[in-house]
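First, the structure itself, so that you have it in front of you.
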Amino acid sequence: EAFLVAFQARIDAEEKIEPNDPMPEGYRRTLIRQIGQHAHSEIVGMLPEGNWITRAPSLRRKAALLAKVQDEGGHGLYLYSAAETLGVSREEMTEELLSGKAKYSSIFNYPTLTWADIGAIGWLVDGAAIMNQIPLCRCSYGPYARAMIRVCKEESFHQRQGYEIMMTLARGAPEQKEMAQDALNRWWWPSLMMFGPHDADSQHGDQSMKWKIKRFTNDELRQKFVDATVPQGEFIGLTFPDPELKWNEEKGAYDFGAIDWDEFWRVVKGHGPMNRERLAARQKAWDDGAWVREAALAHAEKRKARREAAKMAAE
Amino acid sequence: EAFLVAFQARIDAEEKIEPNDPMPEGYRRTLIRQIGQHAHSEIVGMLPEGNWITRAPSLRRKAALLAKVQDEGGHGLYLYSAAETLGVSREEMTEELLSGKAKYSSIFNYPTLTWADIGAIGWLVDGAAIMNQIPLCRCSYGPYARAMIRVCKEESFHQRQGYEIMMTLARGAPEQKEMAQDALNRWWWPSLMMFGPHDADSQHGDQSMKWKIKRFTNDELRQKFVDATVPQGEFIGLTFPDPELKWNEEKGAYDFGAIDWDEFWRVVKGHGPMNRERLAARQKAWDDGAWVREAALAHAEKRKARREAAKMAAE
Amino acid sequence: MAATVSREVLTAFLLRLADDHLVIGHRLSEWCGHAPMLEEDLAMPNMALDLIGQARALYQYAGEVEGKGRDEDQIAYLRRERDYVNCLLAERENGDFAHTMLRQLYFAAFMQPLWQGMLSSSDAHLAGIAAKAEKEVAYHVRHAGEWVVRLGDGTPESTRRMRAAVDALAPYVDELFESDDVTAAIVKAGIAPDPATLRPSFEAIVGPIFAEAGLEWVEASYGQTGGRQGRHGEALGYLLADLQHMQRTYPGMVW
Amino acid sequence: MAATVSREVLTAFLLRLADDHLVIGHRLSEWCGHAPMLEEDLAMPNMALDLIGQARALYQYAGEVEGKGRDEDQIAYLRRERDYVNCLLAERENGDFAHTMLRQLYFAAFMQPLWQGMLSSSDAHLAGIAAKAEKEVAYHVRHAGEWVVRLGDGTPESTRRMRAAVDALAPYVDELFESDDVTAAIVKAGIAPDPATLRPSFEAIVGPIFAEAGLEWVEASYGQTGGRQGRHGEALGYLLADLQHMQRTYPGMVW
């Protein structure tokens, strides 16, 4: 129909769609799903990293980790706000997260076992996130694009910080180097899985590309990530846990081994090592906090009533 | 009246009073209070020691501490049973503990700050307890006397074990010796307070002596404890935190400094460092366990009903 | 004559068992002074004591077999988190009393046939450890089993909690029965039965208890695994921080 | 000219402040990812970050003053429990959100006049630390104070919890205002105000907040004390086991 054609024309002309603009229901739904998922990932992502705040090995690292986790909360906040412009409330999104209806990045269903995991998450997980997110700064939906600009700036700082942790470990004592290598071994494949299924198996890909919500396919982004990351790891003397990983001169990019999609789907479907615990932690925070949220609301209403009574009396 | 005279005659003849024997209400009340207090002390006493089970410095010490804490639970059990022979239920006693109506040994309102405190508790607190308890093995009330025989045997094992921990520390590295000395500094005066107020200020003393519930006064027992303990401490090279402590050749016993009775009464009245936490921990265990106790009861009733139904059917 | 195994393999096998016992014993001991009734304030440290005792026997023997002069405490306290090889079940947090008792039942129902199988171990030392442990584990099965029955068939509240425990622990059962090169070599040498063969015995213990408790068995769609390779949950690190605190803070001292 | 203080006295004073900030910052950071609402998942790490930052500045300076070549991490991580000299308030466990916010209000309302007093410290370095911290603590007073008002004057449930927090923390207030030889020397040298003189300022902050929250002040019959002599509660040991875990396990490494 004409509306869809006109809408697509705006997209093709690289115009930004804004909250009050008309938009196809599918576009709105796709964005709500994607932004919500992205926001949830930031929130759930606080847990594996938060796990090492009290045990950070130096005060400097403790402060940096606190700041990072705080940033993630902040990203969650911008993203929920961006989603709210599409007519969905933070409560609704939270309930979808807790009920398991909404997803979050599966990588956070792996545990952080050692301090090096904090480095690996910054380097690999934030690194992969940035690959996904940089193109989103040009996403057709204005509020999302603008939120991503701010997010990307901070994420790239986190990525450098994570890499610096890995470098410090890799150049440290043998136990530290071993810790760094072990973290890379455990986080490498899940990081590659962060880009989602192969393009051929991806259900949301084509339409999102057309609407310029996405600008690169999963496989394109994954390849970029591998190409950017492998030299970084090699530079600090770490080995990637993939015997098939090697530079392919011809294609000017790395070849790499097959991803274990069974594992991917198992974790997506809720059977990763930490799925239950992550949701349980968020559920507990939500339930334990109910009385606080209710009190804040009740207090705000009392204040308002008092102000109005005072105004009436003054009139 | 004649009954009281006859009762006192039995006591004076060193006859044991048994549960079904007639006894003055005051005798019964005094025993219930004292046995209950004693039982509660065993139960609350599990907390300061339990605090170091997960952090015990060696597996051997961990096992010994577990066994000790278990023994204390056992003592609590015998003592509650002894009190039950006087017509009070464990539930009633527990409620009196939790409401603050019944007391327990004030010494457990001090925190265990280091591993050496486990040694100090065994050596000093169990040592003081034994001084109190050995005469109770000849207490006029049979069930209490018999419970105490068993308790004393185990306590004296705990006392030796505690002393052995202190000896190991005192003969260990400088940090260990310092830890042992620090524990002695903190636990010495509270141990002396365990014997209660001076005889002149003691409210229950005389009648209890007459009824042979007690056989020595508070001050007599305290002196015995000091005389037994000081040489043990000196033998392992520790210093008692009392500049007035010295051997008095003439009286054949140690002189020692004045006890801070303000502190004693403050802790008795609920203002020691750990009073609130100890009761809160017991309250929480009791509340959290309510559904378990109810389930056990409900299950027992279901079983009984089923057995009876089966019997009826068989008849 | 049975095949023999290398020191390394036997040490690896012993450490798995020892870590299982240390870690689940640690968890049980966390209840100390906080149990729902006085009888359990006795029973739980009692079981913990058995478990720590079994762990000690296994660590001591592992130290001998390893031949590097490490004593029980050096092995128990001075490894890094990734070097602990306990099963994930053992490290699961206590949760409520239903959860703790079910965890104990599962572990005991796995260990009972394993200890029984080791009574006739080709390794005489291990057979000796098994002879003592086998009596102790029978009590654990009985005690934990009785509670699973009481709580499963108690009040609606206790039934709800018991079912939640069954659900929560379901993913941690399969790992107990895993076989690998280590267990294969141990089996071949007649040292211990193959864990994979113990499942029927486990079910023969747990099945009747569940039946009496009115509980339904929950099969996990995917079992969690990794403990034997030192890939643990996030809770183990905190457990180890407490466990190791003294030994790490005061290295090389005698206690 | 003001009297001067020995290295030992100034170090002792700095360590008290630094330990206060490290420990209460640690407690706040335990909330990370578990707050009642997303805004607090931002605000609590934010305050913790301020507190850890202040602790770092104080430890670094303490290390310089002490002159034994210890850096911030060696001082923060490598002392024994009895050597930590934080006030007991700082180490109290989080409890519920009301309890945490009230603890934070008390601490901030004590620190705000102390930092303000140190703005004109005879010790220029400390005055510099105070200049930054004084701005940060003003936010903590405001943020925690707003929550005390909201919860005190919110629902019956929140009022009940807030009152319980007031009751639970009452015994830990007086210790903040203790003076001793160390503070006397510090005052004499014009380095910082006497804690004992800060009580009116504390009350001027907390009083109006309590009034708005509808809370009554609870005077403890006996205040708890001992933190400045390293006599802590039982919870601090576990906090330190976590805090120190890495530094103790991997001694002497750079992170």
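Each chain gets a letter, A, B, C and D, in the order it is written, and its residues are counted from 1.
Just so it is clear, contacts are C-beta pairs under 8 Å (C-beta built on N, C-alpha and C of every residue); 3 or more make two chains touch, one makes a residue touch a chain.
Only a predicted model underlies this, so the values are computations on that prediction, with no experimental measurement involved.
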Where chain A and chain B overlap in contact partners, by chain label: C, D
Most distant chain from chain C, judged by the mean position of its C-alpha atoms: D
Chain pair showing more contacts of the two, A-C and B-C: B-C
Rounded Å distance, chain A centre to chain D centre (Cα mean): 34
Separation of chain C from chain D, taking each centre as the mean of its C-alpha atoms, in whole Å: 42
Multi-chain contact residues (two or more partners), chain D: 80, 237, 241-242, 245
Numbers and ranges of chain B residues touching at least 2 other chains: 55, 175
Overall pattern in which the protein chains touch one another (line/ring/star/complete/other): other
Which pairs of chains touch, using the document's own definition: A-C, A-D, B-C, B-D, C-D
In the complex, chain C residues that touch chain A: 80-82, 168, 171, 221-222, 224, 226, 231-234, 237, 241
Chain A partner contacts - residues on chain D that touch it in the complex: 22, 26, 29-30, 32-42, 45-46, 48-49, 52-53, 55-56, 59, 72-73, 76-77, 96-98, 149-151, 153-155, 157-158, 161, 239, 242-243, 245-247, 250, 253-255
Residue ranges of chain A in contact with chain C within the complex: 48, 51, 55, 111-114, 175, 182, 186, 266, 271, 273-274, 276-277
Residues of chain C touching chain D in the complex: 80, 237-238, 240-242, 244-245, 248-249
In the complex, chain A residues that touch chain D: 43, 46-47, 50, 53-63, 66-67, 69-70, 73-74, 76-77, 80, 90, 115, 165, 168-169, 172-173, 175-176, 281, 284-285, 288-296, 298-300, 302
